[in-house]
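Encoded as structure tokens, the structure appears first; notes follow it.
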């Protein structure tokens, strides 16, 4: 296990799109983080049951999507391309199904490379099936075995990069989030999720090594993107979602402590913090993923991106063509902006993206390069997931407070009262991991089993 | 005007989320009576359990619900109000069992097969509970048979289905068909991001709701 | 009739997004061209027959769309909003239908203004029904009357800005385009379309004046966007589409000679040339309209935009929400970029957009500010649509040649032969309008009637 | 080997778009024989009209069609080749009338009611003509009745429908129904940007094609 005691990028002005200290070479001649931002296109099935009867139709959808996005990339002469195949539950439950589609997509990418020389790679994201059981077993049982088998078969079938949106700790975090319980949030992310990600990525890295492919990265999607969505629906204070984002960084960093090398996963908006610490290339999504979810991070998300993604879009028809093809066009143009800026004044463009979102939301503040570096540096001062998570939340809270005080960021009236109460709640968060674990057991004991976390 | 007084107080503590004397929130009510104490006292005063529920507790939930709808409160506030209400309900429970008052109804709820997303479903549970519904939560990845079983032992229950995936949403059709075959009277309601009104009609369900509040509201009008 | 003998903007560095010499005030407190770029959101029905039986469903779609886009604009705090209601044929054929929807949308916008103070306006685009007859009558007959009635009822019902994609001359241009016949193209645009636009906008301006609303502008969509689409499908040389774009400017300028004041219509990519000449604010669309059509102009289209549009998207569901809401989010973020750049260094961002597309296509070259000003200045040197159109094509051709020679723009091998032949074809284009008209009559006489053009 | 020679020459001039001796293009063939002269001469030499069509003209169209598909030629080249072919066909026409050779078939084509977009439809016409089809173009905004009338007088014709609007595409269903009711054997093909394979199945049409080339190709295989 690797531990990060210092930052890979400590100057905010070096945290910029397209460049990361540790580049990643993968797939058909693609080098990520070496100066260019590449599109990472994502897609999914339209309304369609996945079963044997529909299998031919499923396959044709993926063929059709590949043809469309490859055609568009070629026309727009993208400098490189990543396709993410995000499996749907049935495809991981039946890993041969996932493998068949992996193989199909890989073939399209190989043909693209042969025909045009456009470097490319295939990311396969397996579904984390391990919360089928309640409480989740995580390290044992059939759903764990299936999840790992899905990784193995995907690797065999031609995946270049492996990823997952892992769920350990979520069963507690879901509860804590709704009650805005900071100790619960920090404990579930810093103790439970942190331990699970470490264990899981040990397994994934072993598979990646065996097949000589890349262990990409994880995402706290089920944690902080849920928080972001809930805040977007007015269910949670936006500042809570902001704190939750910071809190998720040590948990996602654990993948890199256990062998992942990037590119991190697109929906991991904690990516910039990871990039600052581990120096790995990251995938990000912003306004380009308006097809998949809304967010207060549309532009600022691009500030440090090495891949630029649309998260997901169904294969349905728009007026121009299929939706995946349309979003391929959008990504290609966005990447042209990134890469043209790289040649002249990348910082000016980065700051434009940052400044355009910053005033409107504390969630955007967390992605501001200066704040990112501040949070990252507080994280590396601590040892172990729990203390790191607590420090990250503390740093994020201070950043929000000071930005509120000097008027850099709007805080909605409704959440000012809540924000005022945070200092008190934070002071109640235990200093010792053991105490926090006890709290989790006392408060949420019915939702999780310590054994699932090797506790 | 004692009756009016104590019910009004109950409404207020529910809306504020003051569960009982010992709970620390809201900070400025430290040590004061909460929903639990007030409900107990109201029963002592001979107020009917039905009046306590209808004129004391539920209006409190409405107040916080409205605040929430206007963006002036968050889900945590709703949940804590619901806890306050539940604390009061503990005292009323015996009367429910004896049939003296009737609960709003029973909702059998679950995320359909193949789908593990459950936050939306959990919110539905919490908010309907807050409206006085008894909720039987079957969890996630729930098969048609499991829904059928649940409804067999609660023949007057309504059913709520949740799905977050464009693939699994189709399983709502199967569940609806199975349930309606067994008992055409069973009302099935659906929700979740990919679902829509027209999909609801397509599969023959009885209603689609964008969020738990509109669901609860519509059930109140029924 | 106004004639333009000099440029409103003659310095390429003053041709920039958000600012135009003659601002337009309209709707609920909206001022266009005064420093900010506003989103112009567009949408249409999903697959649905428009008839009496479906009318309630049609109405609910528009209600639903308005609610969604207004919610998103409010959440993202747009500085201003234009909604374009682009009618579908049945709504102009039954002008009361179009008026009913106009009224519905206007009400939503009024409520938005009352609730949030976000300035806004409603553009209504009527369908040009005048080519129902073949050859088109244009100035007489039932379809002309219906088209004008649709304008009147829309104005009555609450439209703030009137627009149309007019079609006079298209019946000849369609033919000429397929045969890559430059005399035919220049003649159909410079004589026929130019005359028709002038006549038509005389009528529209009169209606706008009567209702004290804004006569927006026209678009050569049926001409040069068709050429762009055909070039995109490999049917025409991209350089021909580029020449056609330049050729369409005098035709669309005719609307401004006859009383239009802007904002021009989103799909009028000839907008920057018009802005340089007439100084009016323009609406543009680029990568943001990936839902509606593909183009080689995704970024460069933004260089001089005063409104930024998505052209059109059906009201169907994406994973995030409805497609109109998703594209509202995209436009809002794009506008944040524009408006944040305006505060610091607008030219740097403009040049980034320009440089990112320029190398890839001669069609992009036509939108380069320097080239725009060159073409515009050649246009104002001439009098009358025909000579202006000829001069525009000549200027565009020279720009393409020189950009090809110094390697600034890629020309595909397949079209080099064609490009080589252009000099010869251009030299054969008559100097006199009368000769060109004779050519049109001889070659395409069966497709049009001179009387429809007052000839 | 005269026969082979002149047919090969015909193929070449059609592919290059050399219509007749006097046409200026291609510049390096100025004054040379074009499709018109060569077809006339071939008939004189006693080559059958059917052979001229099948072994001279159509292969020329195939060559330019393939070049077009590979992105090495433009629609204008196709159109000029089609003109060259038509010039040659002028000499063959009498034999068509007499039934000595058969044309590929008849296509009734139009843009459906409510829709005025016609460039796509016109391309279909041009390309199918180039493949030897007789095309009856009903224009735009064509009602079901108009299609029915046209098909009544050409009972063996196939039908092509075009639509560019999400609203008018639904009229394709009505047209198909009307035509099939009248004669279930009538084959109806559809195209246009918003149309798709699944829509084609939905309305019971016989085929959807993304572009005229794939349409023509598939008809060739029939």
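Letters A, B, C and D mark the chains in the order given here, with residues in each chain numbered from 1 onward.
Just so it is clear, contacts are C-beta pairs under 8 Å (C-beta built on N, C-alpha and C of every residue); 3 or more make two chains touch, one makes a residue touch a chain.
Given the structure is predicted, the values throughout are model-derived calculations rather than measurements.
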| item | value |
| --- | --- |
| Pair of chains joined by more contacts [C-beta pairs], B-C or C-D | C-D |
| Whole-Å separation of chain centres (CA-atom averages), chain A against chain B | 34 |
| For chain B paired with chain D, centre-to-centre distance based on mean C-alpha positions, whole Å | 66 |
| Distance between chain centroids, defined by C-alpha means - chain B, chain C (Å) | 53 |
| Contacts with two or more other chains, residues of chain A listed in rising order | 44, 314, 319 |
| Contacts with two or more other chains, residues of chain D listed in rising order | 166, 194 |
| Chain contact graph, described as a line, ring, star, complete graph or other shape | other |
| Chain-chain contacts as defined at top | A-B, A-C, A-D, B-C, C-D |
| Contact set on chain C toward chain D in their complex | 44-50, 88-90, 131-132, 134, 174, 178-180, 226, 230, 233-237, 314, 412, 414-415, 418 |
| Complex interface listing, chain D residues touching chain C | 68, 71-76, 79-80, 114-116, 118-119, 122-123, 126, 139-141, 165-171, 194, 199, 211 |
| Residue ranges of chain B touching chain C (in the complex, touch as defined) | 166, 193-194, 196 |
| Chain B partner contacts - residues on chain C that touch it in the complex | 317, 319 |
| Residues of chain C defined as touching chain A within the complex | 44, 72, 75-77, 232, 286-287, 289-294, 298-299, 312-314, 316, 318-321, 323, 325-327, 329-330, 332-334, 336-337, 339-341, 344-345, 348-349, 352-353, 355-357, 360 |
